[in-house]
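If you scroll down you'll find the structure; I have some questions about it.
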Amino acid sequence: MPPWKTKLHEVIYEADTPAGKIFDIALLVVILISVVLVMMESVSSLLVKYSWQFYVAEWIITAIFSIEYILRIIAINKPKRYIFSFYGIVDLLSTLPSYIGFIFGGANLLFAIRALRLLRVFRVLKVTRYIGESHKLISALKNSKAKILVFLFAVVIICVIAGTLMHLVEGSTGGFDNIPLSIYWCIVTLTTVGFGDIAPVTPLGRLIASIIMVTGYGIIAVPTGIVSAEYSKATKPISNTQVCPNCNEGRHQDDAQFCHKCGYPLNE
Amino acid sequence: MPPWKTKLHEVIYEADTPAGKIFDIALLVVILISVVLVMMESVSSLLVKYSWQFYVAEWIITAIFSIEYILRIIAINKPKRYIFSFYGIVDLLSTLPSYIGFIFGGANLLFAIRALRLLRVFRVLKVTRYIGESHKLISALKNSKAKILVFLFAVVIICVIAGTLMHLVEGSTGGFDNIPLSIYWCIVTLTTVGFGDIAPVTPLGRLIASIIMVTGYGIIAVPTGIVSAEYSKATKPISNTQVCPNCNEGRHQDDAQFCHKCGYPLNE
Amino acid sequence: MPPWKTKLHEVIYEADTPAGKIFDIALLVVILISVVLVMMESVSSLLVKYSWQFYVAEWIITAIFSIEYILRIIAINKPKRYIFSFYGIVDLLSTLPSYIGFIFGGANLLFAIRALRLLRVFRVLKVTRYIGESHKLISALKNSKAKILVFLFAVVIICVIAGTLMHLVEGSTGGFDNIPLSIYWCIVTLTTVGFGDIAPVTPLGRLIASIIMVTGYGIIAVPTGIVSAEYSKATKPISNTQVCPNCNEGRHQDDAQFCHKCGYPLNE
Amino acid sequence: MPPWKTKLHEVIYEADTPAGKIFDIALLVVILISVVLVMMESVSSLLVKYSWQFYVAEWIITAIFSIEYILRIIAINKPKRYIFSFYGIVDLLSTLPSYIGFIFGGANLLFAIRALRLLRVFRVLKVTRYIGESHKLISALKNSKAKILVFLFAVVIICVIAGTLMHLVEGSTGGFDNIPLSIYWCIVTLTTVGFGDIAPVTPLGRLIASIIMVTGYGIIAVPTGIVSAEYSKATKPISNTQVCPNCNEGRHQDDAQFCHKCGYPLNE
């Protein structure tokens, strides 16, 4: 690996050197600007007013991200590992839609093109590179995954049955026109969101709704309890692995200098 | 038990053999299709368009479930234990309504017939057969049951009193026409669902509503705390694997040097 | 205390004898009927239709509760302790409003009379006599009280400031006409109830609303965490108080028969 | 420090003497009155009716707070430390806006002046001086801060992506006019607030909404779990009171027989 490549790798992939920090912060700023621009572009009044400014800004940002992508490929020894990694795909998705958009014309309002252009919002995922502090959280979530899935599955079964019941009881008067719609309403209610665009109007429907709500209020405790318990376990202080050479006692405080059982000095 | 029956039992009730796995997956697919069909049938535009396709599909699914039900009875030594078990009843309910529906005609829109046809949605309960991983969850819930019931009971008493108060204060202006309706609104509010179809409009009513909401926000912690604590207890790791060589007792404290049951020294 | 009084006390205040159990269940049924009647009376269509039935039922229930109240006073040695206890006041409140209502006429719709009549709904509190299983819950809540009050206080301060801000930003366009109303909206939002009768319409108002919501979503964890931790503490298994007579070791499993440290038999 | 200054300091900054207690309670009452007045002034019907009463009350309260501010500066040895402390700034903000308001005239409805006048609501922060009992809470929150920020950050990323998706799928029919609005809706939904002013109407939009809601319902467990675990840790009881007679080390394991710091035997 030539020295310039090592240098480049340091700047782009690491944040220990001043140059590396500046690169990271500059990139973060560009990412945030680009996401805000995609959002603002979707506001039609702004799009009409600042049409060409958006166009120019888009060109500049796409150019920056393209250069970043190429530099990242150059700066690494095994480019394939980067290209097919999560961040490699996110980085590619940050530039590709713009190029396709430019080719097919920005004024084109076909759904596919619009969808493609909106894909640019996934640039926000580039930020995840800068989030640390989450190892314990992720491990707690991974440990809870199976149980939370079972829980969500139970929620779906409850919603299917309760939704069908509500469709039968309320019918079209309250807006429960068909079962999928009733199930949607059940999910809205059980998760305590409660939009209110659909709401029961018959006494029996309201009684069932009350039961669904109280159930939702009661079982929200389940995933919380699971994550809480798993997280508690994940953050239990790892007692060190010191073993007393004299009496073989294994549980010592982190800063113990003598065995608490026989008084023999511990060689750390 | 003749060998073909043993084989059949293996395929239908177990999932260890390839044939058993295929049977399970095929059945799962049929269940999901049948539930989706019941849902789609309730969408009137789809019912009009694909009327006879729904009819044929229903016939096929009912036939499959009927065969499954008969096979399950044949494959087991004590059919009664299956027939009167939870799954036996669910399996019967998956076929019976269709037959009754066919007899009385699908175009019949009487409430009883419609209700019967919608019963088919309970087929979703057949899926619960395939959910594992939930032993600890269920035991935690069982341990919390009594306390959660007390809690829900307290919620209902709060709602009855607060609902009466709101009816008195708001009257018909805000939609609090009678006490049952006001109680329904209180449940909607206390569980933080908040549809908004009924909402207080007088200053005093809004003050009481605020107190109800803050109460609901504060006491949602109670069931969560209960389940969380119970679940924590249910998943406490078994601390060590020492077994007494004399009396075979297996639960020993981490630093036990003698069996707490027979006093025999433990060799670690 | 004469034997008939002891007998009466047993029947009314205790539930160990068959007569006591029957008394309890009968009373519970009457309470539930009376609460349901108060509710139904508030539905104007039912009141018109079954006016005199309600009147008669009310007479009967009031008579039953009056007799119960008198019997409770007779059956106890120190009637004052009962009369001024929580249940004594609840029992009195269960009969008094009816008598006052009868005197001033049931057709009288003055607010004070109506309020008085609705007081009868407090009869539901008579049921709390039959709720057990809640000692740990109540002790956990008592331990958390001070902290939860501090938390609710913080919530109120947040709502006062955020409400004023929303009133300033949104003004009358979104319905934020004055500060008390804005604070009410903030409470509705922070507690994740979200009626939707008042909702921000300006971009800045929506931004602030988003911050309030995410804050509410984040801090709902605080009371839950408190109750959860306190409840955990309240249900920690009390390790027994056995101490080995030989080596003075104090931590033994509940069913330990020999000291796990020195093997000496424990005399339970 | 002259004796009158010591006396004044005791009365104003402490609550141990009767005079100090009276001062505290009097100030608390004035603060609450002043906040209620600011709120009432925002109700236009009250402002019209009691215009000059508000004016006079405002003068009196401002005078009281000004005197309090001056006394607090006089009574302390290093006034700068008070002036630039949190409470110093809050106390200044409690008087300054009124003076500026008086200068520019109360009838002036310019946004800046109105904003300034509403600043007076920050007087509510003066109350925080009187809240104790929150040390553990605050330490638990401080320990959870980093993790909760990561969590909220994840919530924002989910909302940006889901919001864009909803804008694409629903478009203007359901009110999802642009991406910022859609993101606002996502936050409203994910936090389970659910106003209902914007709600999906297409089947696909409702399906995505259901997924967002169930996600929100599932991940609300995460911050709760974090705070719960951190709070549990913060309140762990100190296990024993053994202190080494040789080196005075105080944290020993429950069954320690020798000091883990110096090896000296512990006499239990």
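The first chain written gets the first letter, and so on, giving A, B, C and D; residue counts start at 1 in each chain.
FYI, a contact is a pair of C-beta atoms (placed from the backbone, for glycine too) under 8 Å apart; a residue touches a chain by one contact, two chains touch by 3 or more.
Please read all numbers here as calculations on a predicted model, not as lab measurements.
Considering the contact criterion stated above, the chains in touch with chain C and with chain D alike are A, B. Seen from the C-alpha centroid of chain A, the farthest chain centroid is that of C.
Averaging Cα coordinates per chain places chain A and chain D 28 Å apart.
Between the CA-based centres of chain B and chain D the separation comes to 40 Å, rounded to the whole angstrom. Across the assembly, chain C contributes 151, 180, 192-196, 220, 224-226, 228-229, 232, 251 as residues in contact with two or more other chains. Residues of chain A that touch chain C in their complex: 192-196, 224, 228. Residues of chain A that touch chain B in their complex: 146-147, 150-151, 153-154, 157, 160-161, 164, 167-168, 177-180, 183, 189, 192-196, 199, 203, 206-207, 209-210, 213-214, 216-218, 220-222, 224-226, 228-229, 232-233, 251.
The part of chain A that touches chain D in the complex is made up of residues 35, 38-40, 42-44, 114-115, 118, 121-122, 124-125, 127-128, 131, 133-134, 136-137, 140-141, 144, 148, 151-152, 155-156, 180-181, 184, 187-188, 190-197, 220, 223-232, 235, 251-253, 255-265.
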